[in-house]
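Shared chain: chain A. Partners: chain B in the first complex, chain C in the second.
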Partner chain A sequence: MTTELEKYHGNLQYAVDIVMCIDATGSMNPVLDIVKNSSLQFHQRLGEVMARKSKEISQLRLKVIAFRDFGDDPSDAIEQTDFLRLPQQVGEFEKFVRGLRATGGGDIPESGLEALALAINAPWETGLDRRRHVIVMFTDAPAHPLGTVGASAQTYPRDIPRSMDDLFEQWGYARSQTAVMEQSAKRLVLFAPEEEPWKEAIGEEWDLTLHFPSRAGEGLEEFEMDEIIETIANSL
Partner chain B sequence: MKLGDVIGGYRVVTEPTNAGGGKCVWAFAEKDGREYFLKRFLEPKRPREGSGGSAVSRRIRLESCREFEERHRSIMKLLRPDASGAGNLVLATDFFHSGSTYYKVTERIDTASLQTPESLGPKQKSVLLRTLASSLRLLHDIEIVHGDLKPANVLVQQREGAAFHTAKLIDFDDSYLSGRPPEREDIAGDSLYGAPEWRRYVQGDEAVGSADLTTAVDMFALGLMTHTYLTGSLPAYDARFGSPADAVNAAEPLTADDRLGTPMQALIAALTAAAPKDRPTVADFLTALKDPEACTLHDAAQPRPARRSRVQFNPPDHPRTVAPEPGGEGPPRSRVRINLGSHRKERS
Partner chain C sequence: MIIPPKPTRVPDHSAPPPPDHLTWSAVHGRLQSLAVWTERRPGHGEDAEPLAAYHRPTENGLLAVFDGSGGSGAAPAWNAPDGATHTGAWVGARIARLAAECWFQGVVAAKEPDTIERLTYCLRALLAAAPTSARSKVTGSMRRLLPTTMAAVRYRTGDEGVRWQAVWAGDSRSYALLPGSGLHALTRDDAHEDDTLELLRQDPPMTNVICADRPFELSVHEGEFREPCVLLAATDGFFGYVHTPAQFECVLLDTLTRSESVGDWADRLRRAIQPVTADDASLSLVALGFADFAQLRAAFAGRHDSVVGGEYLDVPSAADGPDAVRRWQDRTWQSYRHGYERFMPGVRE
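Here is the complex of A and B:
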């Protein structure tokens, strides 16, 4: 996001990290292309909005976690990238996103909480002066309870919490001793149905969380990247 | 919160959005036939009976909630919507929690705002800036720092039939007591309108402590906003810098538009001074704008104020400027004074 101009080293430096958790099960088929296209345009749109505000992000990194259902097929229940620095690694980012296919999923609940737990425990930026760490969840389904469906599979993530209470403690709150994310930096944006755990357990109980409801089982009809961009641009 | 919900007796009548807000979701709402602005805070969350988390975490969260409630209620007590002069402050009329979430209510106001205040005439601009400064003075008189003063938090409006545009100051949720700001990681503020000491505080500069963040933080932002309202843009600074404050912190002063009168250039220079103690107070600012002429944007370049000149607007017995000294180069030496000394409060 920086220009060719040599910047003064004392400028306030902002780092923005975003993890996109994308439900890639069959029911997402009608909207996955929209999610993918928006994801691909995201860094450009964010840059445009910031430029209009005469503001600049010093470092932007994106990470994608695509999830399906450990109860259906543990071998492809999670696909993810590392944090990719944009625009430098845009090719790698685009290749991964374009390759996502909406398939599988089995029963209605999916493994969205495992994806969320992986996102919370991602290696977030700790340097620069100010940071914004955003997790965005795109799903049209409720989630299996953590540590249950498919938890014995070899591919099931080992180091994630096994209960909602433990995941809540990792998300944390002001003055929490157990939070793994920086309180002042973090945000969670849910594009998810009014079903559990999204509606009450997370949408109501977790702080710094915005829930934009989609209809369960019908796919996300559409969503606006604007909500995510507002979350970032208004707080820098 | 969604369209049609009734929360605390307020029926949500528009689709909630986070547009323009970093840590909230808002919508318009109705109650007893009146319209309101309903704001849902993203933090803290009040633990409910039977909700998750350990007893320890519950105790910590309840303590945060108690402090949050106390802060909001104390500001509401100090700044009442019916207080004298509070007409241009958009103040809370209600504050409550529903379930685990806190909400704040203000009257519904027209959110339209004139996007080009620079197109107004000098008298209009003067009234606009004075209404803004008067609102700010109400805060500063009780030692409250707005903390996030920027154009997005000011609505420039003209009431039907009114001759002048006025400024409505909104969003006090990031306010703090002068000298007692939130922690470095938590303090809000805008990266463009933030003051030099705010940026150094955020950057962890140990030379800047909480006591250094005073009402002068708002005065720096007011200086930038004044320049923006009068000319349509911020004062100039080198493109190497990310913001005006970055330039000032690097000892590179900002350059005001030279179409502004010399006293206004001097006022903006003083407002954007590096040292908080060198900035005029809001009372000084109001005095300086008594004469609408101060807000004129001339067609031709005006003399630059002399460095370190002391400028006072409309001194009764002196001309506004004098001619350049014979043989001297550069702008004429200003003899008008802002006169910051006598009634300035010492800032620690």
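Here is the complex of A and C:
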């Protein structure tokens, strides 16, 4: 009977790419500590939560984009990794995350939209079945409008949209012809304050978005890693 | 009078914990009905118990299934008296089931309007009145309050055959299973993808679900069969975890051929699907116009031999690699697709 049933057992595994956009300005020390302390277990814990939901992961790749403020110091406003395959490249992932320092940023807003634009344009997996392309934004601050603060700096990303409308076009919508993100695969999870652009312009206007409101300026201290992983798993 | 399906097999649990499956069956003249319900985590499944109702005086029936949407409705929504906390998806599926049953009873017993607008009204009214004792702080476009799918088939038997009307929201589906031509989809998923094989491969998000806090639409498709037929509604736990759409028909026909009664068919369906699905699974089915179970089984013998004995179960081995599986899926889907989509509603603009 088992052999007969196995004939019906299709591919139940998900190929999961996650880009974590992490606000690395001074107030974000607590969430950086959570990510640092959990990086080694991230793959295992996400796998466990997925298993409870009867879902398996065929491939997990993680990319981190740490951002601060192009208006404060363009030289360290963006730090990022390539997509790293877990668990195989967990050492590189951990080394990068442990090297991050929550510092600088000056006054709010920060350069979160530039990080989001880089995430949208990341080299997502295109070949495997049941793909999930998840962007997770951790920030406790509103964001500068795209293409304004620090846009003339040499380190400012060259190939990202210069307006929210253009960024929305890249995120895409039903039957969109200009989307960069794959409609079936994309998800956006925001751990961000109820301020713009996160609350209305993105959280409600962009499809396939979940928003966990945080208290502005308090570094996401209310979130535990279990809650973050549970949220990511639910978004899949 | 409504005939609730009669339980034929309940797991032997002398006390809680709750069962992880239930099956029901009923026979009335030339009507044979069954329902199957399974849960991955007993007590926490997000499929409501399937609905199978029939009103003898007017010869009207309703099949329906409901799959609470776990991703968008993961937030806790209700603390039960026994202390258990249930998600919005769990609550939404059960409220939608109640609304559909109330609508059907109103139509057949109280001559209330036989319209989708009336069903939509019932759904909205009961969802609006639902308990939401546990509120979530999550917002965003993906979040829904009490979200659930529904796939329902309303049918009426008469001298000239069976009139059917499929009503749905989300990615649960209704089908017809015909002796000569096999399984035909009567619904089209609310998703951006229209190709049924691609839906299996990518498991895309739904674009429309029943919920308490946002607009939703019920789609309708109707038709008539003049020959004996089988109608069914199922959640994606039944059809969403196989290699190719044809394999769901293989499951239906393989279990039918091995069964001795409609209750036995229900149990074999449950035993076939529970080990392979990765989700809660529910199915409600009615066979119409067959004199008895033996005639029902015999009517599908030829179709069984051609489908189950065909290439749909010759899945390439893992050693052949994923590309070989994809090529086999593409090839077998192309040979199966035309019949499968014969009664399917058209692609939306």
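We adopt the following convention: the second predicted complex is superposed on the first by the 198 of 236 C-alpha atoms of A that agree within 3 Å, B and C clash if a C-alpha of one lies under 4 Å from a C-alpha of the other, contacts with A are read in each partner's own complex, and residues count from 1 in each chain.
One rule holds in what follows: contacts are C-beta pairs under 8 Å (C-beta built on N, C-alpha and C of every residue); 3 or more make two chains touch, one makes a residue touch a chain.
A quick note: this is a predicted structure, and the numbers were derived from the prediction, not measured.
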**OP:** For A:226, decide between first (touching chain B), second (touching chain C), both and neither.
**Re:** first
Subject >> Touched partner set for A:54, first chain B, second chain C, both or neither >> reply: both
Original post:
Touching A:169 in the superposition: chain B (first), chain C (second), both, neither?
Top reply: first
**OP:** Pick one for A:70: touches chain B only (first), chain C only (second), both, or neither.
**Re:** neither
**OP:** Applying the touch criterion given at the start, work out whether A:234 contacts chain B, chain C, both or neither, answering first, second, both or neither.
**Re:** both
Original post:
Taking the superposition as given, does A:209 touch the first partner, chain B, the second, chain C, both, or neither?
Top reply: both
**OP:** Classify the contacts of A:96 with the two partner chains as first (chain B alone), second (chain C alone), both, or neither.
**Re:** neither
**OP:** Report for A:190: first if it touches chain B alone, second if chain C alone, otherwise both or neither.
**Re:** second
Original post:
Can A:124 be said to touch chain B (first), chain C (second), both, or neither?
Top reply: neither
Original post:
What residues on chain A does chain C touch that chain B touches too?
Top reply: 5-8, 10-12, 14, 53-56, 129-130, 174-175, 183-184, 187, 204-210, 213, 231, 234-236
Original post:
Which residues of chain C touch chain A in their complex?
Top reply: 40-41, 70-71, 74, 137-143, 191-193, 200-205, 207, 241-244, 247, 250-251, 272, 275-276, 278-279, 313, 315, 322, 325
**OP:** Flag every residue of chain A that touches chain C in the complex, lowest number first.
**Re:** 2, 5-12, 14, 52-56, 128-131, 174-175, 183-185, 187, 190, 199, 203-213, 231, 234-236
Original post:
Which chain B residues qualify as touching chain A in the complex?
Top reply: 2, 17-23, 25, 42-45, 47-48, 51-54, 57, 60-61, 63-64, 99-101, 185-186, 188, 191-192, 194, 199, 202-204, 234, 238-243, 245-247, 249-250
Original post:
Which residues of chain A touch chain B in their complex?
Top reply: 5-8, 10-12, 14, 53-56, 129-130, 164-165, 168-169, 173-176, 178, 182-184, 187, 201, 204-210, 213, 226-227, 230-231, 234-236
